[in-house]
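Below: the structure, in structure tokens.
Labels for the chains are A, B and C, by order of writing; each one numbers its residues from 1.
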């Protein structure tokens, strides 16, 4: 039972083997880092201390406002800098992951701030009355309730991050779309011994789109389901 | 920090011509994309909200397909895939077409939510006044639902503008493309990034401020 | 009788001298004939960083057949890649002692100067401008620029045809500079990959694609709606990109390239990486004991405008 044309099999396997794991790795690292950094920043934003609020607000508005591609290119083109005696230079993969994390953490921070601020004041007062300090209040009372409201949008963020990993294409990371592009180059040059019919690009990029759809669509449904159940 | 100390404004000034052209290309594709996305969103949003048979299913498929695939894949699919069918489009056409298709899907959902949020009693009032469904839509649902949807549609419009940066990969000479070229030749990373940041953030922050302004001004009176 | 003998000796001497002269000009610069060379040349010390790592980090193209591309098993292949593998063999004894980083025309110099790779072997044409930023090894391939056009287009003399036309090529390439220098009335569009350039010509978004002969010959052979015009220009060798102020790296790379040239290894690499029907066309592009390539330092190519 093999619906794929002969010339396409190796290409599909190449995309699945070389590209998809890279996409998923980048997305996983970015989403975890974004969540950690974003929740911390978002909670800090609720402290009534103007300079801190302004600083985090600046971080959020810059990394959310810029196109992710611009952030990626900026980080990738940064000249190497010296940390102590080591010459540090981010690889393409690291640059992309960092850029996605900056964007993702800004999104999470904003969402966290909204969620925490939506917790009624009574909760804060009751927790304070029970003897919780500020950190204790956040950790044991506020955040558990706030984070519940965050879960559906966070699943949505994961979907966005997975899709945004294709931006790493621009700096040469071998993720799913880049894998498809390289094979497309190979067949259209006629110099690699690979032959393909003229509708090859349609099938190759259609296949890439299909892969993303198969990953993202279930997650989108999950987010909708959680929205109904949790909030 | 040595790098920051040698920030050269002259790099930006010397390249102001190409950078300006890049900026106008961004605006050209962006405006066309946003306007057409609004049209698509309005029409399909109405289709979705009123559950018009067959068209509704098609609209759902369209929205789900676009929202669950990366925009860059859509751009490449159009750019490399359409010629297979003998459809040969100019780069500018592929540019605005791809962001229209992408933006239209999000605007559809924005407008659908807006139309569905129009209080039922207002719609019933319209029917009580003798409106046909079309008149109902044009006089009640659209104005009120449109106002409700406005903030989220402007957010989608902001995303469309930001996504014009991806068009550099099909050779559309927009702002990021130009800045990237200048950077490749001169290696002045910070200067180019500053230029890009200023341009994009100016557009994005202005539109965001517009949203906040509109949310206050167009807020529906509580009595309704 | 004595006079005949003297005449015979003179003729023999003259013939011998003539034969020696022809043989002498065919001999490689080392003065040693091919057959007598040991498989591995005497190479200077390997740069310390590479030696400590135990393998090479080399930037190559991954989307430009037949010089740098990836087959469906993920393996890097191509002329440039084979050169890199030869370096690995001579430095560490195995062709697998090299890690490849994919670069594009636009990113290769930045990738080198930022220290992410040891050298770049990535279809890097020599230009005087680039030599201000990086060092070049001795040449390892001689490419020429060609124009890819649709079948019904006649080009003729470049100086007459180019004005008003739209040319496409990859970003950062020598064609970019040359067209901007020499053809002010020609519009030049940059694409992110070679295949996108081909597509632009097929879609009538550009009148011609300007690119390296080896790649375009393959495309034209593969697609019977496209052909190459007869114009050949910018015949400039490629070099391996080396960071400035790394004399030990340059010494090693130059010695390795010369060693490969003297052993005619470039020709065998060419035969391994280019389809058989193009061998004759590109035989003279590879350096060999009889073909020595040189950079046109006295006459920088991008200022060399056709009349």
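Structure notes:
To be clear about the criterion, a contact is a pair of C-beta atoms (placed from the backbone, for glycine too) under 8 Å apart; a residue touches a chain by one contact, two chains touch by 3 or more.
Since we're looking at a predicted model, the values are computed, not measured.
Relative to the whole-protein C-alpha centroid, the nearest chain centroid is that of A. Ranking all chains by how far their C-alpha centres lie from the centre of chain A, first place goes to C.
Rounded to whole angstrom, the centroid-to-centroid distance between chain A and chain C, based on C-alpha atoms, equals 40 Å. The centroid of the Cα atoms in chain A and the matching centroid in chain B are 20 Å apart.
Once the centre of each chain is set as its mean CA position, chain B and chain C turn out to be 45 Å apart. Looking at chain A, residues 77, 79, 181, 184 sit in touch with two or more other chains.
Shared interface positions of chain B, defined as residues touching 2 or more other chains, are 80, 83, 168-169, 180, 187.
Shared interface positions of chain C, i.e. residues touching 2 or more other chains, are given as 107, 110, 195.
Against chain A, in their complex, chain C makes its touches with residues 62-66, 69-74, 77, 102-104, 107, 110, 114-116, 193-195, 198, 214-215, 218-219, 221-223, 274-275.
If you check the complex, the residues on chain C that touch chain B are 106-107, 109-110, 113, 168, 171-172, 189-192, 195-196, 199-200, 202-205. In the complex of the two chains, the chain A residues touching chain C come out as 10-11, 13-14, 17-18, 77, 79-80, 87, 89, 91, 171-172, 174, 181-186, 188-194.
Looking at the complex, you find that chain A touches chain B at residues 61-62, 65-70, 73-74, 77-79, 159, 163-167, 169-170, 177, 181, 184, 198-199, 201-202, 205-206, 208-209, 212-213, 216-217, 220.
Remark: chain B residues 3, 64-65, 67-74, 76-77, 80-81, 83-85, 162-166, 168-169, 176, 180, 183, 187, 189, 193, 196-197, 200-201, 204-205, 208 touch chain A in the complex.
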